[in-house]
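Here subunit A shows up in two complexes: once beside subunit B, once beside subunit C.
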Partner chain A sequence: MALPSVSTGATPDDNILFDRSARTRWRIGFDRWAGRLLPFLFLVAILPILDVVYYISKSALPTLTLKVLTDTSYRDPDALGVPIITTAEMMTLATLLAILFGLFGGIATAEFLSERAAGWARTFANMLAGTPSVIVGYLGYFAFCLYFGWGYTMIAGVLTLSLFMTPYIFRIADLAFSSIPRHIREAALGSGARPYQYILKVGAPIAFPQILNGVFLAVAIGVGETAPIVLTTHGSVILPQSLLSPAQFLTATIWENFNSPFPVAVALALQAAFILLVVVVGLNIVVRIISARYRKRLEGLFQ
Partner chain B sequence: MMAASGAAPGASDPVLTVRDLSVISGARRRTKKRAILEGVSLDFPPHSLTAVVGPSGCGKTTFVRSLNRMVELTPGLTVTGEVRYLGQNIYDRHVNPVMVRRRIGMVFQRPTVFPTSVFENAAFGLRLVHEDENEVDRSVTEALQRAGLWEEVKDDLDRPALSLSGGQQQRLCIARALAVRPRVLLLDEPTSALDPAATQRVEATMQRLKEDYVLVLVTHNVGQAARVSDRIAVLQAGKLIEVGLTADVLERPREKFTEQFITGRFT
Partner chain C sequence: MDDALARSEAAGPEPLPPPSSPSSPPTVDVPRPRRSPGQWLQIFVPYIPSFVPLAIVAAIVVTLVLVTGLAPLNGLFTSKFAPTPSSGPASWGILVFVTGSFLTAVPALFFSMVIGLGIAIASVVYLPRIVTRFLDPCVDLLAGIPSVVYGIWAYLYVSTYFGSTLNPFLFRNLSWIPGVGGPAPPLSGLGLPISVFILTLMALPITTLLIRDALRTVPRDLWESGLALGATRWEVTRRVSIPYGRGGILSAAFLGFGRAFGETVAVAMVINVEASYPHNIFQGTGTVASLMFSILDSAYGNSQFLAALCYMGLALLAITLTVNVAGRYFISKLSATEIAGL
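The block that comes next holds the complex of A and B.
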């Protein structure tokens, strides 16, 4: 069967290469200028952040001394020792609880649940993550403070915070295990690994960096939360003596003092804000370093 | 000959016996049922390489995955019939699929190394059963030698397995499957992701391995089947339509479809 011969000469279609029409020139110019303008739009986005950072640093740094950071005496209301230590304690407990529930839930969803059940689990996790923190705070207030009768206590704050952080860790654990290539999973199970052996020996090392990222981000989000905390525990000037005593979270200090008529109190709120800012930025930097370190090791796995 | 020693009933009795094996998808749901495999019966004698060939979508991969119950990892499939390994039906209610997979190893289309060292990859199956360290060392060395990878990696067993080439990775996967001393090795298109040189090395490995193991090779490449296999089984639309010695099937196909398939007129 003979095919018609193909002409090698120029045809009208080839004009597209040499198109000098106004429309094409306008498009090319638009692309060029859009590329030049977008970096400035990025500046517009980060300017407010830089302004906040500048304002907080300028107000907090001149009066920030070691005494402010470490003094835990209730006689000195201008120190942050109590809220800083209390925040560290509460965040540790809340993070451990959130890891417990989030990690197990996420792994179970990715590995053991049927497709339909996993879909529901993800939907509920997304709903919980999308719930405004003030609603989570009210839930904690009604459940822990009123229904269980604990009142404004550290345990109520810790549980509410962990409730707030759990869906973030759940989602990242689920995602990390679900995104392990199917052939890796089959290879492990095909070599005679039991499901838990697959999770511990193959899945965990691959998913670990992503999960660690998720935990750090959940901590960064949780440590800056105000609503779940001020609704469940605040107003203490001393370190909590037990889980059932009131506790003073750092964000609660900001919330209580920022609108105060006394300049000393406002300064205290700004100092607390500065510390939170440092913690959150620090956590994000740690996350970036960890990701970069592990990405290299897993190179070539996700093809 | 280590792999074939032990309590085998007889030297030439088949190691794997497949009887009336069917795999049906959608049997438990209200969706339409579809048979992926229908009534396949086939024996795998010791020291042989059987190539399972057929066009795309004929059920080759499902067949080989049903020989060590890997098929159960795909939701929605129902298996009926028997697969007997040394006389025991692996689909028996009391048989643990994990134990089946430790005796009947598998190598996949794409190299599936784990992101650890070469040594740890080869030792993966052994570590699952807590063997002692000297035993692990010995088995890993032997498996890497059998897989034809030892000479290339012996100087640096701690290098990351992901830094190996594709062909080396695939031979490492073979070594990983061999390290637990299976009798049967299932190879699901092991060279389809490899370049010709790497393919040749994997084929040479398969040639050597069939002295000691029962090999089942799924391939869509008739040339490969002709080069390495002792027997050919032809599948079409889920049915086994012809099985015989490689030379017989290739030179004197009994079925019209087989002839069309091996001459490349049907793909």
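The block that comes next holds the complex of A and C.
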């Protein structure tokens, strides 16, 4: 579309809009090229993801059979049935324990504590979430395995893992209850609800999707952890018979076999990594979909 | 007039009116309600679950301190780590590993901050919303991949490229730089460069997320006034957005450093853990976390060895907790849902 020409008698040099000096051309060109080139930096982040997924799938899928996934007999150490079932059991227990340790604290922090005390509680939760996993593993090793004398057992691994997952659930519960709008809270309390009635009947239905999301996220973080598990329980080839028997977690299988001189063992590690990747990436995507959907639904409530 | 002024100055400032002027409402002393022990219990009980994380942190610190017994170890603050020397007493220096942690974490932080800043600017300033709605979650997905999967990928696959291509290339062309020359890089490709690569990938999602949020908090007024004054988008980003969001960018640096410094398993798989300083940037060395993880088995029964490892644990804990608390301090208005998992 041609612009209408207006004759003002001015030369282009008089007007900043017609400025074509070298400096201005450089400024505009720099901006334009920044806009063209900077998006390519996304490749630095996206190519490694694609490469991890491609490499692990390419190496694991040809040898991955149903027998590898389900065989639990100890005569066949090249199968993943034992670690998969053990991981499912341990993650269930650890998630329940982490909910027990974290959920009530998060709700109490959001609902009952003074502003100052809540700030401290959140700081400690953030500190725990920032603690390197190997340190939590040391706590489990020295306290549960050695001091309590349990040794390399399932219960030691489950407890250590639940301690590692606690701050994530704590923070998401705190966040979910803190973000309930003030007017809903005050309407409930103002019409005579006891605090526990408010939490159970008003707060919980609103906060539930977000908390469920946080639990999924904590599971995704916990199932990929290696250090706390390898330091507290590993090296079993059979299913755990009780809480006080050794257990084999999926990540421990990878850690034990990744640099083995036997190709069969390395293939086993790659298959374990593939299963882990599918579970974790799947959980992450589910979390994102849920949070996007409920954010929309909750926005209507918050207006 | 002047005299009056001089006199009043000599007399000093006028005395303030008494605090309880007749116009202010009278204050009534409301007695604090006397609470029964049951009521105190009601107030106190919610504090118990809220401070479970504090209890866990305290348990970690107490455990580490109890194992060390705070006993002095031979050569703790030296760089000689020799648990079973052929002659003479054992030496428990931790400086090699602290140095190794910094040698891997600082370059990784540098790369992830530079790349993260670029990605964040591209996402917030240049790309249309409909594109970033799909690209941003991809970057966040980097944080979701377990470190052991990164480790096995790097050990089995990426290391071959480092060993056969990248390290020899750098060694041939840059060996005049001190620290790059010296012994030839190992053919396996394991060592510092691949550790820095892995740590960069692991710190990248958190730095990108925080910088993106920092740039998004810039008010629209400021952004549009900059454009209206004739600045380009790049200039407004450079001179307005980045100074405005510097708190968030600083917190990205702190939290990214904490992530890179404490990373355990992936580094232990690719760094070729050794108890000595590297001769050049291609060699292996040890980081605190990777050594603590990979050597605990062989320390069983040796109380001095366990104590040395726990001293390392205390050092690691002190550094990461300081960095984390400092980083959280700078996060102000953040989309807290997204940060909750990091």
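General observations
Throughout what follows, the second predicted complex is superposed on the first by the 256 of 303 C-alpha atoms of A that agree within 3 Å, B and C clash if a C-alpha of one lies under 4 Å from a C-alpha of the other, contacts with A are read in each partner's own complex, and residues count from 1 in each chain.
Criterion: a residue touches a chain if its C-beta (ideal position, glycine included) is under 8 Å from a C-beta of that chain, and two chains touch if they have at least 3 such contacts.
Note that this is a predicted model, so its numbers are computed, not measured.
More residues of subunit A are touched by C (comparison of subunit B with subunit C).
Within the superposed three-chain model, A:175 lies in touch with subunit C and out of touch with subunit B [touch as defined at top].
In the superposition on chain A, contact of A:210 is made with subunit C only, not with subunit B. When the two structures are aligned on the shared chain, A:197 is found in touch with subunit B, with no touch to subunit C.
Once chain A of one complex is fitted onto chain A of the other, the partner contacts of A:186 are limited to subunit B, with no touch recorded for subunit C.
Once the two complexes are overlaid on the shared chain, A:39 sits against subunit C while remaining clear of subunit B. By the document's definition of touching, neither partner reaches A:72: not subunit B, not subunit C. Legend: residue contacts after superposition of the two complexes on their common chain; A:269 is shown touching subunit C, with no touch to subunit B.
By the document's definition of touching, of the two partners only subunit B reaches A:115; subunit C does not.
Shared interface residues of subunit A (contacting subunit B in one complex, subunit C in the other): none.
By the touch rule above, subunit B contacts subunit A in their complex via residues 68, 70, 73, 75, 98-99, 101-102, 105-106, 108-110, 112, 114-116, 124-125, 127-128, 160, 162-163, 173, 176-177, 180. Of all residues in subunit C, only 46-47, 49-54, 56-57, 59-60, 63-64, 66-67, 115, 118-119, 121-123, 125-127, 135, 137-139, 141-142, 144-153, 155-157, 201, 204-205, 208, 230, 232-235, 255, 258, 261-265, 269, 289, 292-293, 296, 309-310, 313, 316-317, 320-321, 323-325, 328, 336-337, 340-341 touch subunit A in the complex they form.
Those residues of subunit A that touch subunit B in the complex are listed here as 114-115, 183-184, 186-194, 197, 201-202, 205-206, 297-301. By the touch criterion given at the top, residues 16, 27-28, 30-31, 34-35, 38-39, 41-42, 44-46, 48-49, 51-52, 55-56, 59, 101-102, 104-105, 108-109, 111-113, 117-118, 120-121, 123-128, 130-139, 141-143, 163, 166-168, 170-172, 175, 179, 210, 214, 217, 220-221, 223-227, 230-231, 251, 254-255, 258-259, 266, 269-270, 273, 276-277, 280-281, 283-284, 287-288, 291, 295 of subunit A touch subunit C in their complex.
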